[in-house]
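Below you'll find the structures, each written out as structure tokens.
You will see chain A twice below: alongside chain B first, and alongside chain C after that.
Then we have the complex of A and B:
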């Protein structure tokens, strides 16, 4: 007979769970519930009271073409920055895994960008990418007017995508590298002895074996790109020029914290949350099928 | 590990207790939160120190929150948690929200209750008019006040044979052309982000005596509607600006480009800019050595008669929920900063203007405006008081969601300048979107009467 330790009383079990539940309640459920409530009211910022308005906040947002523009831009931003951050991180991890010279240094250095706060990062990239005084101003000396994120919406979008991706490359790199190092050497070595080159080994052995990590990072990157970009946008472009970089999360920050429209910002948060949930469900339903965990 | 941490914490607490001098215990302490940063924050701190040293009963603890927005957010958050400071600085954009909140102790009532007799008429009408209620009552104290001026490079103007700044935009247009022909790459430097459109739209409307919105710019009701887009003067002014921009007579300079228009002017790269008199000190300190520059009042448009410009900056509010001694301390602080000598020190170390006539007279009697670095700052007062006394035009704006309304204007202007959108159509849609914000604001405060 198999011996198992079981808790006789559910109370003991619950007691162990309570601290964690309390934390989650205070830092997640409580604020979310508050946001959900505000989204259906018009809240006075100084706390003078509020009025129930039902779905007014939502219908106002969803009937506004400018808001749909922000949704579109957020999707674009999310997909491109995820593609860049994951693609480059994977390449770097594959190279480091092949134990190129200095791979030990890369392993610790690449995580640093993730530790840099968004405003500092935005400030640095604003300087690097400034068309007249920055490091990239050389481009404009060769081809005048080619690069100007201050006046060209496309350039501004590229600038924020580059800054955001730069931060997440390091984060993704660490995950990819540890996944790659978890692949038994014997597999790749056997393949090498059978005569397959590095590219073949990557495509047929390494990539299929890191799909769980790939999938995990995809979900995290998409989610973060929808939530974590407002600091960079605020410092670099403030949503401009002419709304070209006005992302959903930046609009929440601006309307709520600067404009004191708490209810409008709450409704936008709910829409953003639903969008991220839908995207995540989509990824689990259609992409996870192709992931092999064992 | 944990024991070590606890030990360190204990040591910290002990030093915190020991550090406080015993005599400070019987002083009434109040908090004052403000939004200025950098040099201005240092100057505010100095003013607080002077107050604390001038008497032994009260101590005001002044804390910079970084920006006007952050200061307002933090004050609101603190108020909602019942931990608000006694005095809070609120900028023009947040004025209407706090005025409708009922979260404050009206300034006029506070001073009366605490036994101070304030001559409210001593405030310049252009300044008190901006912060007063529709009935002319002052609920807050104007603190750091400024208005927009035209800064011009005398050396560059000498090259085109002129010794004075343009007084109308038509004259300015000719000067810009001549400056360009004389080889200057940036005759007019400007920016159209949401922080920098006020001098081009709000101040333009004020100086030319036109309305931004109905209901006397919102002073007489939350149902005001934006009408600046229907003012033919403004529309043709924006068209002029766009023509100058296309001809490279006017150049956009901001942080994203790598140099703000203020830095560009100080470096001698741009020859004209429109900015606050608050920047006068900063430009004086950072200007290229040997560069001759001056300020003048904002140009008017064509033959429009000059009216007062609007005051910018922030005022000080006293918040509810404190004790009588704390309010006494606040009143003593306000009484202190109202002294003419304080006005002189404040205006000397910052570019801000005195807010009271008595302060202005004192500055004049001390010969302040005759000294080289400060000459020209009196034009700010002149600009704020340009209207005749019986002028009925509103002295400011009382619009909800002002920051978002400005952002809509900024987005409209950016569409015009950068994406070549139609001027009238863009101004109209910016006004429409601004009106939606005003309606939302009106709905939010449906149960409140505008004072």
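Then we have the complex of A and C:
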């Protein structure tokens, strides 16, 4: 879309955009380019600048089973938390959209979790799901040793997924609800006149009409699961026990800032960037298609 | 509701009530645990009746996590990010929508590509810039030979340095440097009728005048929405503040949560930890409850 009426003074126009351009140059483009440079070089142990090593950092990374483990866990984490958060949010949104009594209360309460900082809810869930105190400790009283996220990797993963999904249910809910409310009432009413029940209308009218939102949220949720999970993991498990919850961003942080392996961390950053870019391109294509529908 | 479906409605109510419980339960547990004493909080099962130790726990958490200072830091940080975002993105979007000059599309794309890579994804390189934010310019001067030219001409060696560690600019600027807000503003400007700009031009107003007197007042709703969502987003940032605030005196509230985790071999004083969590998570929550309408609006329009 283009404006018909525009201003012609180039200098004023540039002045308005220069602060933003300077910021993104310094904090976005330069660092990204530097990550590329680091990923293909290796810092000398005794100083003296970086040495060009080509794809060595990458091949080293990709032949490292620990790194593949982190990728696998990130995928696992992303897919399962997305499935839980989106599934529950969709059900709740479909039911809230029926505008039963009190639907305004649901609408406002379900968004609250999204306002909580990831590390704060990490700490809250660490207590709630702790093996010796809190809410779930009752399980251990009945079956001793059944639940222990501090020792059992699988339990730790479940705990992290639960905490993350809880935050994103509200987020997804808001998008689903606004999409559902965008569906013209006349459609639903006409279907009801033709004798279709609520379930049939959900399956044949509402779900197909919210698929664009569904795909949009799918991409957003997976991207967010890469980045927003850091706070939760750092507070709840610190990647442990025995790397069982070490996700990609956590590994970058750990290798780069604790292990001081900048080249390795930069190579990991590049791989993660590529992953996110692919997802985003997928999303842009989808939004484009949706615009055509309108 | 279109037809009478009593049984289905009952199922709906049950599921919604269950959803409500899931959404509210963690809040409830945090609040109750914050009122218990050390012994009660470690009993299994945890008592679900609040007790009277809330104030003592809050005081303990307050001193342990140095919340007096840290909450002020967080507040300044989040307000600065939100304000910077609103200011810079309203300006940048103005250029993108209302001006025609060569290279306009390049600028548009340069800004929008930043949407793709959030800070967490490019954390290592961004951190390297924090030691000296003017490093790109220094490098450009060095490579183009301007540094040596200056040294030869005036005998002065140019050294640009601006360390960002443990400073507000270091906390704020990298978080402002993304396109989320610009996108929201662009969408809004595109809906402003052309007649307004036309009328302003006929009346002899230039672009600056039009921006300040027409566009900014018109975009008040967007401004509030963007400000709310960005405040919440900034307050909840964790990884970047963790890296940039190496001085323990200059931390923000959210990164202090780490000091509240009961240590493995110390006292399991979860009551204090939960009191601290409650304080730290409250400001954005209160803002969201108060500004629900704007928050939702900002959320839905920034991300699309």
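Operating definition for what follows: the second predicted complex is superposed on the first by the 241 of 294 C-alpha atoms of A that agree within 3 Å, B and C clash if a C-alpha of one lies under 4 Å from a C-alpha of the other, contacts with A are read in each partner's own complex, and residues count from 1 in each chain.
Convention: contacts are C-beta pairs under 8 Å (C-beta built on N, C-alpha and C of every residue); 3 or more make two chains touch, one makes a residue touch a chain.
Worth saying up front: this structure is predicted, and the values here are computed from it rather than measured.
**Q** After superposition on the shared chain, which partner residues are touched by A:220: those of chain B (first), chain C (second), both, or neither?
**A** Second partner only, chain C.
**Q** Looking at chain A, does chain C or chain B touch more of its residues?
**A** Of the two chains, more chain A residues are contacted by C.
**Q** For A:138, is the partner it touches chain B (first), chain C (second), both, or none of the two (neither)?
**A** It touches chain C, and chain B stays clear.
**Q** Tell me which partner A:259 touches in the superposition: chain B (first), chain C (second), both or neither.
**A** Only chain B is touched by A:259; chain C is not.
**Q** Now for A:126: first (chain B), second (chain C), both, or neither, which partner does it touch?
**A** A:126 sits against chain B and chain C alike.
**Q** Enumerate the residues of chain A that count as touching chain B in its complex and touching chain C in the other.
**A** Common interface on chain A, chain B vs chain C: 126-127, 130, 132-134, 137, 257.
**Q** What residues on chain C touch chain A, complex-wise?
**A** My answer: residues 1-3, 5, 8-9, 12-13, 15-16, 19-20, 22-24, 26-27, 29-30, 33, 41-46, 88-89, 91-92, 94-101, 107, 110-111, 114-129, 133, 135-136, 173-174, 176-179, 182, 190, 194, 197-198, 201, 206-208, 210-211, 232, 235-236, 238-239, 242-243, 254-255, 257-258, 260-261, 268, 270, 273-274, 277, 280-281, 284-285, 287-289, 292, 295-296, 299-300, 303-304.
**Q** In their shared complex, at which residues does chain A touch chain C?
**A** 1, 3-10, 12-14, 16-17, 19-21, 23-32, 34-35, 38, 88, 91-92, 95-96, 98-100, 102, 105-106, 108-128, 130, 132-135, 137-138, 140-141, 166, 169-171, 174-175, 178, 188-189, 192, 197-198, 216, 220, 223, 226-228, 230-231, 234-235, 249, 252-253, 256-257, 262, 265-266, 269, 272-273, 276-277, 280, 287
**Q** For the complex, which residues does chain A have touching chain B?
**A** 42-51, 53, 60, 66, 126-127, 130-134, 137, 148-153, 156, 236-238, 240-243, 254-255, 257-261, 263-264
**Q** Going by the contact rule set out above, which residues of chain B touch chain A in the complex?
**A** Against chain A, chain B makes touches at 69, 72-73, 76, 79-80, 94, 97-98, 100-103, 193-194, 252, 254-259, 401, 403-404, 407, 410-411, 414-415, 418-419, 433, 436-437, 440, 443-448.
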